[in-house]
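In the two complexes that follow, chain A is the common piece, with chain B as its partner first and chain C second.
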Partner chain A sequence: MSQEPEDVKPKINLKVVYDGEEVQIKVKPNTKFAKIFAAAEQRFGKESGTFKFVYEGKRIGKEDTPGDLDIEDGDQIDCFLEQLGGWQ
Partner chain B sequence: MGSSQSPASKSKNRHQRQQKLKLSHTEEQAALQKQKDAGKSAARRLRRMARNSAEVARRSTYSHSLAPECESQVGRVVRRLESLLIKTAHAQVKGSDLTGLLPTQCLNDEVMDFFGSLILARSSSRPGSGILNVLVLSVFFWKALIDGSSKVNQWTDRESVDIFSKDAILLPVHHVSPPHWTAASINFRKKRVESYDSLGNDHPQVYELLRGYMDKEHLRKKGAPFNFTGWVNHTPGCEPFAVVIEEKEY
Partner chain C sequence: MEPQKDPLSVFNHVDLRIRGSQVKSSDFAVFSKRCKLKVPGTAMNALAAVLQHVSEEQGNSGSAIFSSWLGPLICHDVPQNTFYGTINGHIENACNGSMAMLSAKSIWIFPMCKGNPSHWVLGWLELATRRYHIFNSVPELPILWAEPALLEIGDTVFAHLGEMKVDWESWKLISHSPAPLDCQMNGWDCGIFVIHVMLVLVNGWDISEVKNSETERIRQAARKLVEENLVLFKPYATPLPQEKVQSTAAAVSLPVTASDSTSDNAPTLNIASSRTDDVTPNPESFDLSIKPGNEIHPSIVSGSSLKRKRPSSSTIFSDSDSNSQSDDDGTPKKLAKKAWTKRRGKGTKVYEREQSLLANKWVDEVEAHRVKCRGCHKWIKLDNETLEKEKEGGWRDG
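Here is the complex of A and B:
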């Protein structure tokens, strides 16, 4: 890939996957994930705060941006439901 | 013939019969005694088992409430934490997640991973001080493993970790039904694939999947299948704190 410096920050496509289903979300590298989370949850018809988001095995924080995590165009974000366990 | 036995031989025969009877009587006695002993030892065994299972039951019975003097104190601390975000160098947890530590509450994945990060931080803080060199995997690792996803490779590739150089690999294992957390460990020092369940259940799937993972990882990183000679599966039953005990042995 050529390394052409660009003035305008390019948009990147995120592949957001939940339970085998996939949606594409177009974001800017400096978009806070809080906004991306909300968009993804909406696309999957879930309430805000339902999902845990994971990139390459690591949890993504609300305050992170794709740029912080070196996320590139076409990379995949995985969604998980909360896992609970306890006394029985 | 037959009936023409002398009185002497008759008495001899009677004597022999009596002896025989006596013998069989003593044999019977011995057998009875043996049975009695066996019964006693069985009873002893049963009593021991009952004691053990009572102990297991005692240990696996979860307290549904705290002691009254602790209740308000712990409640106060947890309420104060609720609005906080607790951060370490590598992980964070919301105070509200920690309310899962209260009796009868459930622990969520964030608390599990946060605790894992504390173990990891402790392990890497003082190398050579007798603290085991462990890798703690995230709750998502087990999920990827049961899904059969190649994403299990992410954990070691991202940090370029060689799992085979570790003393142990620890991971939380989530069970959906009933919702429950158990711990698993690949114990390289003792050559054991271990499963720890506070409810005392065994989980064959843990051994199966972890062995499969070790084999694939070894093939991927070292170019040969993993040599499982001498390796065993291990579950101690009801010992939630076995990992800590383990470390003291070294």
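Here is the complex of A and C:
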């Protein structure tokens, strides 16, 4: 009988805040932020690329992970608007 | 054979900034070949900064390119803070802090992004001939917002130079668009058109060269311009807590301590305070220097976007946290919070509280449940965290 591998990296909850509105996103510490950005933008009903995400005053890159930035369970990510012009 | 490393990937590893704006390599993805992404403001402003710097290096210092955030800040669409910057900071960035230099420029260039859906257009003021221009890559798209927005930005910049009233009636508007077959044919390239016009203006080329067929070349030229001028993007020294600084002083090569806010990219503002919160270097390089008689909004100073990480175990930040509560001169937001945090005395009447709020220099208007900030012109709720008190009948009756 195969044994289930133990989950050594528990998921953490991120609080993503934009304009006073907050969404909770549960992620693994090694999840790339590109995926988290997409989820947050979808939850806020915004087009991809609408936001820039900031943790403790520093912008988060798409390739970063919560683990890279020492983000802990319950920490807050702030969203700031990006200008995105394209006409359509 | 090992694949060639993308030179712009450096932005993923180091916190590099230009004119105070934090840049990531993904911002420049729009300059990749045959890219169908829309140009983000960060890429537009970074490129504008590089373009102006390079042209000045080449002895062509006739134009100043301003941040595209200037318009939204002036219209209060976004707040002045460490992330969007400040109006003063953006104006001074466009002239390296020298107002005399700004007066000497012959063209002021303003990339603008607005509308629904958002659309990049370029406005510029030709000071000598008193003409203002607006370029729109999609002629059939009405951009009624552009002219008032441009003039409002112009008013603000002129006011910064001491000219409080501009007689726009004596100025002439010139609208530009590519020829019907040369205009923007897709839903994402307006930013590339705007960049092309900026290149034309800075280099003194002919604006008729701005065509849809040129977008791919401009995309590559923009990328090359950034790649060749990576040195203009300055690293930001991450502040360290005092304890860490002391313990790792020998290992840190950059001479930055928690109390040193005068690094290359740190703001020039330095307010004397014993609060450790205040000595956290501001992550932006916007010049927040206080002019005589011109007070700065506390939220700009404190950096509203900055969140201190919760102490993981011990009480490293507990002292500073308790100190922060003893700050007497706060924004209305702090004031509101403090008003409830500090339990209202038995004898305090509603009108007394109203008077105390009105006495605060940052309070513009007071209503029963909210106050308007004189600095950022936003309404701030007084009773977010006091629903229970509401039930007891508090300010509601005021």
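Here is the rule we use: the second predicted complex is superposed on the first by the 75 of 88 C-alpha atoms of A that agree within 3 Å, B and C clash if a C-alpha of one lies under 4 Å from a C-alpha of the other, contacts with A are read in each partner's own complex, and residues count from 1 in each chain.
FYI, a contact is a pair of C-beta atoms (placed from the backbone, for glycine too) under 8 Å apart; a residue touches a chain by one contact, two chains touch by 3 or more.
In this text the structure is predicted, and so the values were computed from the model without any measurement.
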Report the partner of chain A that touches more of its residues: chain B or chain C. C
Considering only touches as defined above, state whether A:Glu72 meets chain B (first), chain C (second), both or neither. second
Is A:Gly49 touching the first partner chain B, the second partner chain C, both, or neither of them? second
After lining up the shared chain so the two structures overlap, which partner does A:Arg59 touch, if you call chain B first and chain C second: first, second, both or neither? both
Using the superposition on A, tell me which residues of chain A are in contact with chain B and, in the other complex, with chain C. 52, 54, 56-59, 61, 78, 80, 82-88
Complex contacts: residues of chain C adjacent to chain A: 11-12, 15, 22, 24-26, 37-42, 44, 68-69, 72, 78, 82-84, 113, 117-120, 137-138, 141, 184, 186-191, 194, 238, 283, 303, 305-310, 312
What residues on chain A touch chain B, complex-wise? 52, 54, 56-59, 61, 78, 80, 82-88
In their shared complex, at which residues does chain B touch chain A? 62, 64, 92, 100, 103-110, 112-113, 138-141, 143-144, 151, 154-155, 158, 174-175, 178-181, 199
Touching residues of chain A toward chain C in the complex: what are they? 49, 52, 54-59, 61-64, 72, 74-76, 78, 80-88
